[in-house]
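Two complexes, one shared chain (chain A), two partners (chain B, chain C).
Moving on, here comes the complex of A and B:
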């Protein structure tokens, strides 16, 4: 009998303690971020899809068409082509396609690049109707960047 | 204006009766509708605050137009009849739930003379209508031929049977003290200050506050609110009895749930918290009833966002092993005290 009454009293007290906790939470400040009205700061090490680094010296990218990124990519999602322009010694990049649908964001391409031409973008807002929308042309992206 | 109304009342009593009827129906419909809509809003806001969010805020200032948007969305949905259902019962069930909720409001007084139809057996009428609500849920589940609905309705019925008993036991002991089933008279007896309220009438029965608690818990269970919302346990039963309902069929069930919550809270305020009497004996009026009513409803919501759902055994054990014995003891003590004094 004593145990029965004690269980009721202890149970009731635990309920009141629980209510007190939630009541305290009502008066605590809101912790959510009002996306899309406010956007949280993206951490420096955030990995979006890869992108070219802008080189102010040449006003272009730093790629030398060595093909290391293409070879090292475990998912095979990079395809690039270079061509030899008239009079130039080295190749210049003409096509750089990233198939983001199979990219695992492993970062091997970024590490492998001898000139540091690649980096992770901060793009997180991706939505599309078609797989084609995730085949990025990095050269075009670099040119369109402000 | 008043003399004109009196004149009309004398010359054409029939017309006045019809006029009164229409006004009462419109008022009750509006009250229930508005309550259902804005209690959902309040609940979402409160849930947000407890979880340190803001809650609805996009539609209108403070999200105040959100219920309207939700209502329009529900109304424009197609009324879909699944295969293999019992059409008549399927369509009837949501209306049954809603109508009984409406009917409860007919005898509830909100202030001195502010009642659609005063009944001497008002309390009994409310309990009678409230228990039909369960039948509505059961019929809806049966008619929609869905296993989740069936399990849910079995739970609703056993839960309501289990909790109707302590509830009525408490009411019986309360009635020994008040001596009437007329809600008006019950409130009138509690006039004065908060020390006259039934919840604190310790001379009538020292267990009155406990009786109040039992009644409150039973109301939670009867209205299927958390922690007793086993009937609608989303994680196990999809949406319970109204799994197969869409559009306004679902809307009616949903509104009925909130309307029942209002009925339950009003009943608690009237039976235990002095109805429209002021706690300090000054300026009694409907505003006090509404204050108590919404304070109780907020508590119910607060409880919902605090506690997890109980198990079904826990629910039945609480009723049969705790609430009913205490309610019986309360009944005995009250009976003895009434007899002695």
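Moving on, here comes the complex of A and C:
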């Protein structure tokens, strides 16, 4: 009998102690980020989708159309084409499409690039209604960038 | 329930728990045969999220399989990354620099705590307590912020590479980790006062959901499930890999074999992980983070390779067979959750349905890891 009463008392006390802890949390500062009123801080190494690096020397990208990114991509989401302009020795990039719907953001393409032409964007607001919104034209994105 | 009395099968009630049930944490389906509220038979049905990871490995080059490893057990992705990196490094006989090994240990242990925090919140949620989930996710958020600053990702890290790590850790990360360690020690005390001592939790877990050591051996269960049954086995100590043999830490073992024992094993493991991180940070050497002689094209020599690590859920083994080409000939994954889940069918026999849900939660299953 004594053990039974003791178990009731100990049990009740454990519930009161638990409630006291949760009550203390009520007066502590808010820990959640108040999005969209406050914007989260995106770290420098954040791996968003890929983007071209702006090269001030050529006022363009650094891509040499070697196709390493395309070969190294596990999901095959990069497609690029180059064309030989008249008088030029090497190919120049004409199409660079990223199919973001199959990209798994592993970053292998960025590491594979011999000229460091690729980087990660810091974009995270990527909600949309249509699949086509996620077929990024990286050349166009670079030209539109301020 | 009277063990000798069994209803004839056509008088039992068949209930599908899952694949869309909140307590199954994913797409696990359990076909239950019930006598009233008591379970006569339980059959786990697997394969709802089967993605052919083993077959996918045979269709891509060795580095291209890296993102896949983090998607098996997404809660402890870094251990899977580490195992795959160690496996290929063993095949190629690459020596990983000291600093890279330390970074791997620090980040993997942080990820282990984050994984346990998700389990903790979800487990107590299964038992009907909602508030702790918010506290544990607050702690997990601190870890994810730290890991995001190093790896660039919050869940599927794919951070390690063959021969080391691509990004070095900085002083901010180390300072943040130190703050986190002292914070987490205080929080664990709070969790014990709030949850472990709670009379409802004790009554739901103590002496319920037995998984004895023999059953663990029969099904090949590992990790906290085996350690809660008194089996003193942890790959980090029994087959030391990386640099785990340099650190002082204990393997928590409980002999009660009930749901409470498995709960306590995980709680103690968090403290041990904090100890490992603390020691690793104190002795972190300077130096390179990538090995010099990593070939550009990964072609492991012909042969059969195996490597195992301890993840938050148990022993993860990967066996790779290489025919000397740039694509694996075969990659076999021995995932801990697969063995731990199959135990459920036998362990829950004769239990109340509500207790079986508590038992299921105490196994800490990640369903993509079961289905591969």
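By our rule, the second predicted complex is superposed on the first by the 146 of 146 C-alpha atoms of A that agree within 3 Å, B and C clash if a C-alpha of one lies under 4 Å from a C-alpha of the other, contacts with A are read in each partner's own complex, and residues count from 1 in each chain.
In the analysis below, a contact is a pair of C-beta atoms (placed from the backbone, for glycine too) under 8 Å apart; a residue touches a chain by one contact, two chains touch by 3 or more.
As the structure is a prediction and not an experimental result, all values here were calculated from the model.
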First (chain B), second (chain C), both or neither touched by A:31: both
Partner chain in contact with A:85 - chain B first, chain C second, else both or neither: neither
Which of chain B and chain C A:72 touches, first, second, both or neither: second
Touch count on chain A, higher of chain B and chain C: C
Which of chain B and chain C A:39 touches, first, second, both or neither: neither
Contacts of A:47 with chain B and chain C, given as first, second, both or neither: second
Which of chain B and chain C A:21 touches, first, second, both or neither: both
First (chain B), second (chain C), both or neither touched by A:107: second
Partner chain in contact with A:120 - chain B first, chain C second, else both or neither: second
Chain B and chain C contact sites that coincide on chain A, given as residue numbers: 15, 18, 21-22, 25, 31
In the complex, chain A residues that touch chain C: 10-12, 14-15, 17-18, 21-22, 25, 31, 43-47, 72-74, 104-108, 111, 120
Residue numbers on chain A that touch chain B, as the complex places them: 8, 15, 18-19, 21-23, 25-26, 28-32, 34
In the complex with chain A, residue positions of chain C that touch it: 60, 63-68, 71, 131, 135, 138, 141, 148-153, 156, 158, 161, 166-167, 190, 193-195, 197-200
Chain B to chain A touching residues, read off their complex: 46, 49-54, 57, 302-303, 305-307, 322
